[in-house]
Amino acid sequence: MKDLIKDIESRFKTSDYIQKLDHLAFITVEKEQAISLVTYLRDYRKYAGLTLLTAVDWLEDGVFQLTYLLNNPTDYTEIGVRVMIDRDNATMESSHHLWENMMTYQRELREMFGIDFPGSPRIEEDFILEGWDNMPPYRRDFDTKKYAEETYFPRPGRESNDPATYMKSKMYPND
Amino acid sequence: MEKDMNKHKFEDLDVDKFLAPENEKRSVLAPDGSIVEVDPLKDYFCQDRPEVQKPRSGPVENFLNWARAESLWVLGFGTGCGSIEIPPLTTPRFDMFRYGVQMRATPRQSNVFVISGYLSVKTLKRAIRAYEQMPSPKYIIALGSCTINGGMYYDSYNTINRLDAYMPVDVYIAGCMPRPEALLAGFAKLKELIKAGKAEKANEYAENFDWYKTNQKKIIKDWNMPDFNW
Amino acid sequence: MDLKKLFQMNPDRSLYPEMGEDGKPIIDLSSHKFLKIWQGPQHPGITGNMSLELTVSGDEIVESKTHVGYLHRGFEKLMERRKFIQCFPTCIRMCVAEPDPNEYILAAAIEDLAGIEVPETAQWLRTLALEMARLQILLRSVPGQGGTFALGLGYQWGNYIRDLILDRFEELTGGRVYHMYIIPGGVRGLLPDGFKKRMEENLKLVDEFVINIDNLMYNNSVFKQRAKGLAVIPKDWIDTYGVYGPTARAAGVMRDVRKTHPYLKYAELDFEPFTTTESDVYARSRVRWHDLQTTVDLIRQIMAKMPDGGEIRAETPNVLHWRIPKGETYQKCESSRGEYGMYMVTDGSDKPRRVNLKGPSYTHANALLDKLLINANIADTAAIMVSLATCPPEIER
Amino acid sequence: MDYSITKFLWTLLGLFIVLNWGMLMSSTMRRIGARVAGRYGIPWYQPWIDLVKLYSLRTHLTHGTMFYIGPVFRLMGGVGIFLFLPMVYGNPHWSNYSFSGDLVLILYFQFFGMLGMALGAGEGGQPFSAIGISRGLSQFATIEVPMTLAVISIAIQYQTLSISDIVAAQQGGFMTWTLWTNPLATGAAMLSLLGAFGHSPFNLVKAPNEIPIGPPTEYHGTFLGVLRTNGAILHVAEAALFMNLFFGGAGSWFELIIKTFLIYFWSVFVGTVFPRFRIEQSVRWFLKVPTILGILAIIIFL
Amino acid sequence: MNIKDVLSPFTAWKRVARDPVTVKDPFNDRPGADRYRGFHKNDVEACIGCGTCEDICENEAIDLVPFKDPISGDSGLRPSIDYGRCCWCALCVDVCTTNSLTLSNEYTWVATDPDEFIFTPGVDKKDWDENEKGWKKPEGNYEFYGLKRVEMEHLHPEERSDSFIEMVKGYSKEQAQKEADRCVECGICTATCPAHMGIPEYIKAIRNDDIEEGLRVLYETNPLPEICGRICTHKCESVCSIGHKGDPLSIRWLKRYIADQVPSDKYKDILDTNEIENNDKKIAIIGAGPSGLTAAHYLVKMGYSVTIFEQFEAAGGMMRYGIPEYRLPYESIDKDINYILSLGVDIKYNTRIGADITLDQLGKDFDAVFSGTGLHLGRSTGIPGSDNEHVYYSTDYLRKITAGEEIEVAESIVVIGGGNVAMDITRSLARMQKVKYGKANIIATSLEKEDVMPADREEVVEAREEGAIINPGWAPQSIEIKDGVPTGLHVVECNSLFDETGRFNPQCSMDVKEFWPGVQIIESIGQGMDLSYISEEFKENMAFSPRGRVETNDYFQTGVKWFFMGGDIIEGPDVIHGIANGHKAAIGIDNFIQGIDFKAAK
């Protein structure tokens, strides 16, 4: 895979190359060149299969990381193409024309992360959630436990004690 | 969550926000050329509230209760992971048919609704609808811990914690996942209740209909059905 | 009058329904020629809790849209607020029918990122658990294909033997459906006494079942009539639609992680996954039938080769505050449905930053199913779904 | 013909016996099917309990007048066949209202129930009901073809349209049954019988995992009770019809029970081990072998 | 169409004659497997309520509910399980520190009331409590946390047996983090620690490699971490929940690790004590021992002007004069003490209360007085011959060693006593013998048998490694004197120390005798207090227990309101009690001066 990475690095603005396993590498590419790189890999480097497309929310850095994981059906290697996109203006070029199943991933990302892919088919339709009017739930700043407790009110009547605090209150309350 | 909260706040609900296009009011050109106004929410759905049908007493009712208990028709709606343990019950190892429990494919012909585990909000909407379509007397068996207090998914934004706030439950079965035997024990318990005339949760649902509906609509924002679609 | 055309069994439908420029069928619902039917979620012909929005013209489907989300629990979100060890019970429930690959890919991802080497015995036991899981699900899904055509008998037989395999699971792991056996770092117990003997007895039943189901289903004229030629997946769809596992092997493309990226002890085992080229429902079902035999053979090989005792778990940091350095990985294994993978990102804290599970159903049940159902008869929907082995909880997680 | 009240009461008694036998037969068949699968199956008395339960449900909601009438029509179909069918040969009490042209009437009644069902289920508004009905009607039309051909064949053979006469013509021993005297017609009829009883591979009407569960999707409670009552009667009546036409009739209730059981078992025997056809496959199937057999049966006797 | 394809399915009918394979009585015929994960069982007697089960439960299904009053090492809480949450993963069983929590193989629980599914296993009786089968923690090397302690490196016995160099090397960062990783953060140790230190918190700080936070946690309750980290009696380790099935955590070494990592010049920055607001109240402290120093530290941090009166020429009290250097180097003592002094504490060395200045005078000059004078007097066994001049008290000897005075070291020595002080003197003298004679010839004995010896186990082991003979379980009878010089000690076997009522009443077998030769006898059977500085009229206002101990209230206030006492004279003897007393007395003094009401002296 080393040759491939050299080739990519010479053609595209990439960084942060990691060879995770023998058959698995990750590389970061600039947002503008992402789709060209993915297309290049698909058409010229035999990475014809899309294993997955997903996002990681780096809330602290204010970016979403999109990972296009492609696989090569001939030598069974995989390459993960990372793209950092701005969290406040989460829009990415759609690549539904490359793979038939890409639009499903893009619909999910749109719904769960709020990342828009203009032009992707059925992108506006609900995918998993129905009637969701809150923040996209996979974003890091969405607190699922708080939401669940407020919305679905767990059964009351339970309370717990911390051993150290309880022992303090019973054994040496004044110290 | 007091049950005397028997008032219905319609103004809270922003029905239009999620109304599906096919449920919008529209005018339709009939084959004869006339124009017909259609309001699907009124025209396509049943508008009656469920009624309380007081159980009678006496030997006849006892006999009927016995028959109801011995002929449990279960709706084949696997709402959660618990549905994986339904097929073993219909197959040789456990064979629930010998206890008079049978599967039905349509809610209209079912008496027992096995809520098999967690309910996502999206499924809850369908489950309520299926439940309301079932003929009374009808029973709900809540299978698994998730129906009792959220179970594994207590902190999930998409699954309910307590089933009893949305649907009246007759029998709970703890477990994750409960063995098929536990489900059989649940059926046995339900039979016991029916024979004793204590399984009247369908009437409880009708009595506290507004309370249940308020709870349901609090979380099902995309209601998209008339209130009384029973 | 073209008599030949009149008596043609399967009329040429390649131009019907008419497709628009965007690849969507042109459908005018107000023409009264089309009917919209929702199949599921409450429908016996749906594999699990999902639904299909079918537009039919007569008995023929002209457009299909998969709707999922009925089983969405937000695992990936929940795991972001659980410690690594706490992800372990959570992760299993992603695909209920075959829980062990879930356990394995989580453990593999954590071990890969934390740099933990799993002991030899534990690796053998993991291989055994994975193959047993494949066996139990194939005992359901092989005759299940007949079930979609209303041949419920094989399903009854298969499910009985599956229950016996689940008994073995209960002995080995303590759980019937949720085994929670492949824990990060190792496994949770050695083989109990007499396990191999009881397993061998069950495997004999499976051998018998393999012959019986061959007689009942695969040599059944009606089954052949219905399944052959149904929902053919051309070879060039494999990559564009993302087709995995037995479904791809039925189209003549070798897709089996056990062979392409041997994990655990698969490199030491002797097996050859079955491939064929017909690529219809019958071929896919037949591939699974061959897989069933392969699995039985593999379990026998594993039980013969595995050591009797040994360490079952590698030493890990205290699980209550286990931190894993920043990194990302993609780990996969072969489930009965195909490549089952997990993409995990860690940020150095004691909880995963992001977990993404990718099951074959994600592509099979969405893009591929929507495409295959066009021009299919409404009666064949369930059969096509089952032949793609869709498992809704792994789509929406 | 005897129209006395006594006759009517005997017929009612016969109906009662047929109803109960029908239910026992259905539970027995299910138990046999369960045995092949390796389990016990429902208790033999389960159909009675189910029936009591169905009639005792508290909710009855209707989608309109035809929704009410549908099950009644369906019941009329079953009872109609029974009424004009001689059950036990040579016994005036059990010959019901059989008359010289009853064969034609019975063929009509066979279709009558299906039509009634179509009207009622259509009113239910369920798209699956509609699909089930269209399947049912098209399949039944093709079932009728070999069936009618076979009936015509034996009508020509025995030169009568009276079932009693046909039964009478078969008396005189095992070898005088139509089964032996007209095997082609019997074959055509027995194959079409597979469709009439609605077991696999011809159970397309109710097809649970395709169109759950077809026409009766919306039916519940008493309506469903009526449908199931009809089912029990219809199965025995149809089996008795075939028994009368091809298997020498019955000299006693015992003989009737044995023969109807075996005839019904034939459809179970096939249905247990075969999957279901698609509708066009089913239609084509009936129009091939059974129809050809039926045509041959007629040609032979022409 | 192939005719075979029509006929072969009918072969299925051959099964019709077979018996069904159904489980006949599903409720009884098929109990859960041996390892089945069913409902919880808990051995409430073995359970200590540590709450690790609650911590690991990803479903928040487990609550800790009160079961009994807490005692040292048992929080008195027991897990209560909500089966509306439980997912039967049994991680709680695997993580249980006492192995008390198990699962039964019972799996059926059906109820009509959803609130019924909460229960406390072992407390609420259930059908399956007697069920032997079910999930237990897997055997073998299956542990969720390390059970083996990270070995502390010691000087090799041969290296240390002739020198007073500190023998414990201390943890490296990796070792400390590995050891800290074993902690399950239950917090049970906190109650047992007399000073109630935030043990889990500072261990967590080590794990997070946040030494500064660790130091801050230490100084919340303990201003002598360097000292405590070396010589604390670590009662916390005896109740450590990990200790129930493995080695307890080395809490003491971890504390030392934190203190060792921080150079003394950074203390003020880390602890934010560069600027302290002063008020005009003055406090006098008698004795610069652990309790006095602790009280001084907290009082000075509260803004008081503190003056310590110390009778010797260096601060530290017993820590300096009672503990040999190989266990507690003087640099470590100085590091802690210098920090406290640097906060503005005034110390007057060589000033003895009663002799140089009276207590009454202190009371007049200062707003409050704290006394932590400790136990300095040796105690005699009183056996025949113990009044010989070659029979010494260990306290005197240890002090002399520290002060560098010339002392007599005989060729053969017998030590009477089995406590830590006895071990200290034994090991010190063994070293000196080694230097002087080339080999150690010293024997120590105690009334208690080896398993109940009061000395720390490791002290005994190390003493033996260094060549001393430790022979416990003997009662000294008499010292044989020949020509005014002891020749040895007569002992008889001692079988038990206490009678049924718990009173001290040693039972000896007089016929099992031993004679241990030794020309020098050291008595080390405890120490006494010297309260001579308190005048008789003063004492009238104070309360004393029947056994002669001063009685104080919870804040160590004596009957004389401005006079507080603490340390070994009240509780102990050990360092950590002194620290605890000092801290609490400081709070008490603060309250007293500010006029906040607290419970008056008993």
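Chains here go by letter, A, B, C, D and E, matching the order in which they are written, and residues are numbered from 1 within each.
Following the convention adopted for this analysis, contacts are C-beta pairs under 8 Å (C-beta built on N, C-alpha and C of every residue); 3 or more make two chains touch, one makes a residue touch a chain.
Just so it is clear, the structure is predicted and the values come from calculations on it, not from any experiment.
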Inset, instruction - Compute the shortest path length in steps from chain A to chain D over the network of touching chains. - result: 2
Legend entry - chain C and chain A - chains in contact with each: B, E
Inset, instruction - Using mean Cα positions as chain centres, tell me which chain lies farthest from chain C. - result: E
Legend entry - Remotest chain, chain A as reference, centres from CA atoms: D
Legend entry - Distance-to-centre winner among chains (Cα means, whole assembly as reference): C
Inset, instruction - Indicate the whole-number Å distance between the mean C-alpha point of chain C and the mean C-alpha point of chain E. - result: 56
Inset, instruction - Round to the nearest whole Å and give the separation of the Cα centres of chain B and chain E. - result: 60
Legend entry - Chain centre separation (chain A, chain E; CA means) in Å: 49
Legend entry - Where chain B and chain C are represented by their mean Cα positions, the distance between them in whole Å: 30
Inset, instruction - Could you check chain E for residues that touch two or more other chains and list them? - result: 9, 12, 20-22, 32, 58, 82, 84, 87-88, 114
Legend entry - Sites on chain B at which at least two other chains make contact: 76, 91-95, 98, 105, 122, 148-150, 152, 154-159, 162, 176, 179
Legend entry - Interface hub residues of chain A, defined as touching at least two other chains: 129-130, 137, 142, 144-145, 155
Legend entry - Pairwise chain contacts, counting only pairs that touch as defined: A-B, A-C, A-E, B-C, B-D, B-E, C-D, C-E, D-E
Legend entry - Of all residues in chain B, those that touch chain D in their complex: 46, 48, 53, 63-64, 67-68, 70-71, 73, 76, 91-92, 95, 97-98, 100, 102, 104-106, 108-109, 111, 135-137
Inset, instruction - Write out the stretch or stretches of chain D touching chain E in their complex. - result: 32, 34-40, 269, 272-274
Inset, instruction - Note which residues of chain A are touching chain C in the complex, please. - result: 18, 20-21, 23-24, 26, 48-52, 54-57, 65, 67, 69, 73, 76, 78, 80, 99-101, 103-104, 121-122, 126-130, 137-138, 140, 142, 144-145
Legend entry - chain B contact footprint on chain E (complex, rising order): 20-23, 26-27, 30, 32, 58-60, 82-88, 107-114, 117
Legend entry - Touching residues (chain side chain A, partner chain B) in the complex: 129-134, 137, 142, 144-145, 147-149, 151-155
